[in-house]
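In the two assemblies presented below, chain A is common to both, partnered first by chain B and then by chain C.
Right after this comes the complex of A and B.
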């Protein structure tokens, strides 16, 4: 399985699409950092967990698209035709799918890491600031549930109809336009601008309210469940 | 001919490629970047924001995308390793030409598609000042012509290098040069033309001509480079030079390349738009020319004939001097670069003259020797395309059937070294204009129609008293408003009528002039009982003189009139901009140091007072004082205000950007609050009105005529600390 995972990683990550995605992400990230993050959100420092979370929220739509784009490698009609051969391999299809999802998740994680490294370089260059430990929690809270959900939901939709993955790419933009309740503020980034103001202290430490944490946990669990469902659906379709 | 036969096949093949459609779709969508990310036109006119910026962004993105597509398509056969086969069937030269034609056709299709898609969006965003002509020209010149440039540059890079990776790097570097190093050079920035503003209410022919010139210069240059690269296409297993030697045997091929490059070089060198004024603005040598001894000015007449189609001016000027020196004298005139002087005669006899190569402040020096006679009548003719000084802010010398502004030497040569006679510098100007235009001398003079000509033009005449003089003309509407004991002649562009009516412009003018005249006094530059308020084409600022004042159209756009930092509704923004006639032009402020004390503080405060009088105290409190307070509270909580050391750590560009934004908050919100606090401390509105009245009418120091914060504090008998809001 390790060999397949490494092969899928090389297939996903060592091609011009990944490089193109990375370049677009870096360029967009630079724009966000220089135009928005540099001002700081909700009166906090540009390098506060809140401003960093806001930056990641703005990058999230592109990361979401990137993650779904990786999945199109496995759900496209061409990949489905090739599945007749791969499914004939002695490895159980579920493990094979798991290796592929892990490779896609690795791709998403690498893109996320790239964004975070870019922000870290920005902070060092602009402010000589390098207290990166405080940024870990907002990064995990923002990115992990969203990317796992993108993976699970995208995998499931790809099994139903390949083109649904492309439609699903528009979801973050839809969420950005919707007035979501406070607990779901992490889904469109409004959490990072509203929550520190509600705390009514200057430069508050990062806290994740219970409702928001629960929403993210549900999102993470839903992602994992959809992934499992997608795998099952694939097996049923095959039979 | 074979290329023409293959062209439909190649085009069909190109249009069947998914990559082509992806590039076309991205190009069609790319103007959206101009609405959110890339905004090189920084003026606030509607056409700048919603037409120029999207078209410029679309042009830059489209050129890059089509360049990459060109490289991808040219490399296709090589990548698939079938080039040996295809070259055996069709000459690689023919293939290259066919592919270029197909790519250019796809670019034309994309430009057309983009125009169709963005037409309703642009019309909706721009509103009542949208016109089809501006739209088509903007998309054709700012966007459409960028695509073939991208294709030619990328294709040339590939044909020279024959390597996709290397040509991509070269092409991207060429694009990056335009977007960075060449961004301020209007002739070199091939990808992103220097367009800082498009006018909503008047024409934009000047800026469009300038962009077209730049595009055609580059089109010729890149077509030449492409032709050279075409000669380098590898044939018969030869290398680049061997192939070049073989292809150049047909002599017309290198001849075409050289002719195109020569055309481009000539167009670059002989551009007619920008003068060669000394960039050091501290040098004012024309003001140091000694006066001609014993020569005094008697009278000037000029007949000016603008050609509104060509954007040129032709004129005849006559000057009468009294020369009591008994010697020949050299008279200096300032002329606008681009004008050619001819037929210079003194008392009917040809006299020698020279025009200096040196230029300063958009003027060249014309020197004429007048004879040693007591009464001298000097006549001359001038004609040409008036040039501008600022390449990154072109459009000031707009000359069309909708608008023109002829300032000083652009109207007629300006005498520089002759003392005024007993009557000063009397002048009689006649100008012949299209029927729809009205002539508005900037000042107290009044122009009258003296002839209606058979060609549909009208000749206007006015008298003035100055060595130079400014004339505005355009398709204007004039509203006569009685206010503040004087008649305001309010001139604005016909296309702006709907916006002005929506903003209640006439009522706003009346309210402001009544209020400010009553509370602060009459404007010092009002000529007797009349004042002309003239809306000018977007120029980045205004000025006032005896009997007239300018209103920049950018201050009265729909978007600006909805800027709630200046007032709650459009009518109030209009009030704000008009109050600047008192605080800004009537009384000047030194805004150069970025201090919170500027014309905005007193203007916003006065707007608040007028609104309070018009709509009541509650309304003014809610939409002005409470909003200032909220913004100021946010300002004091701002991270960089609390930790200025971090602001200092930032690179200069970022620091200036943030400091500018914070300075705006202080000028528009903190200072009005401080003035309001001062009002309470000095004893109320009446006491503050008296203080402001006295400040407005104080005796000015001609060396430093600005109203300072210290003068304001002294007049209020307060200190800076008294007005702290913390």
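Right after this comes the complex of A and C.
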């Protein structure tokens, strides 16, 4: 399984698409950092968890697209033709799917890391600031559920119809345009700009309200469940 | 290795019945040629044998165990080349075979890969990216992944498609050598491929088996049903199926199969192709 994981990482990460996406992410990240984050959000410091979370939520649509693009390596018509060979191998389908999804998740994690490293370099260069510990929670709360949900839902949709994965890429843009309930504010960034103001203290410490934390936990669990469902659906349709 | 197909039928969700009442026993060592026109049900049968599909009727036993229970066991001893397949273009030939070796759980992948690369004459392309290969070379990669790890049961669906004549002969001989101690099922509609190497034939048409036996038996069944005549002598005969028309200085010489040869036709020794066409044409009447 380790070897399959390594080869899948190689397929997903060692190509023009990944490099292109990384370049776009870095350029867009630089734009956000220099135009928005530098001012700080909701009267907090630019390096506050709120400003950092706002930066990540602005990067989320691109990360979502990246994650779904990784899945097209497994769901495209070309990939389905290759499945005629791989399906005849004795490796249990669940283990194989696990190795492949782990590779896609690694790709998503690497892109996320790239965004965070860019922010880190920005903070050190601009403010000489390096208190990373406080930024871990907003990063995890914003990115992990979103990327796992992208993986699970994209995997399932890809098993139903490969083109649905491309349609699904538009979801974060749609969400950004919609007035979401407070609990889903992490999905369109409104949480990071509205929540500190509601706390009514100057430069408040980062807190994740129960409703928002529950919504993110539900999305994380839903992503994992959809992943398992997609894998089951694949085996059923095969038979 | 022993495969028993008992009363197998396959109806797709669309309602199309691809196979009906199939009974067949395949036992190693043997090289079995599966012949039939396009749409006869050959590929469906192959998909059932590799557990990519489950039969809607009947059952398949692999070494005595029902396939649905022994799927993993069967796959562990299977090498399969489907008619239509894709490869990972981003990987080199060696990397792709290493990937497939990992999926197949092959213990010593390095030597297994080296051996199959040699067997399919791809040494020069071993380090080339798959996207740079020609159609014939890709087909050889497909054959290589099937041969990987010397599986005791090999299924090849149209393996010589896209190969040049020299390569086709090479692979025919390779399949023949491979079948000396294994069970090899070779599906094709190129009669030449099966004629030269297969010791057993299965002819399938409209989802049913028309013939099982040796190539010699199939040829014998067409004795007295193959004839040649000049085209100018031909009358509108019912049930006469022309299999070849050759332009000569004296006119056009026709070769045909028929249940009853017309009086103007001169009987000829049947070839395997004649016998196959006779069998199929008889079914069509």
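A few comments on the model shown:
Everything that follows uses one rule, which is that the second predicted complex is superposed on the first by the 239 of 239 C-alpha atoms of A that agree within 3 Å, B and C clash if a C-alpha of one lies under 4 Å from a C-alpha of the other, contacts with A are read in each partner's own complex, and residues count from 1 in each chain.
Simple rule for what comes next: contacts are C-beta pairs under 8 Å (C-beta built on N, C-alpha and C of every residue); 3 or more make two chains touch, one makes a residue touch a chain.
Quick caveat: nothing in here was measured; it's all calculated off a predicted structure.
Legend: residue contacts after superposition of the two complexes on their common chain; A:78 is shown touching chain C, with no touch to chain B. When both complexes are overlaid on chain A, the residue A:202 reaches chain B alone and has no touch with chain C.
In the superposed model, A:31 lies in contact with chain B only, and not with chain C. Touch counts on chain A: comparing chain C and chain B, the chain ahead is C. In the superposition on chain A, A:127 makes contact with chain B only, not with chain C. Of the two partner chains, chain C is the only one touched by A:91; chain B is not. Applying the stated contact rule after C-alpha superposition, one finds that A:44 touches chain B and leaves chain C untouched. In the superposed model, A:10 makes contact with chain C only, not with chain B. Listed in rising order, the residues of chain B touching chain A in the complex are 37, 634, 637-640, 642-643, 646, 649-651, 654, 658. Of all the residues in chain A, the ones that touch chain B in their complex are 31, 34, 38-40, 43-46, 126-128, 202. The touching residues of chain A, when paired with chain C in their complex, are 1, 3-4, 7, 10-11, 14-15, 78-92, 96, 238-239. Residue ranges of chain C in contact with chain A, taken from their complex: 50, 52-54, 72, 75-76, 78, 80, 82, 84-88, 90-91, 95, 98-100, 102-105, 142, 145.
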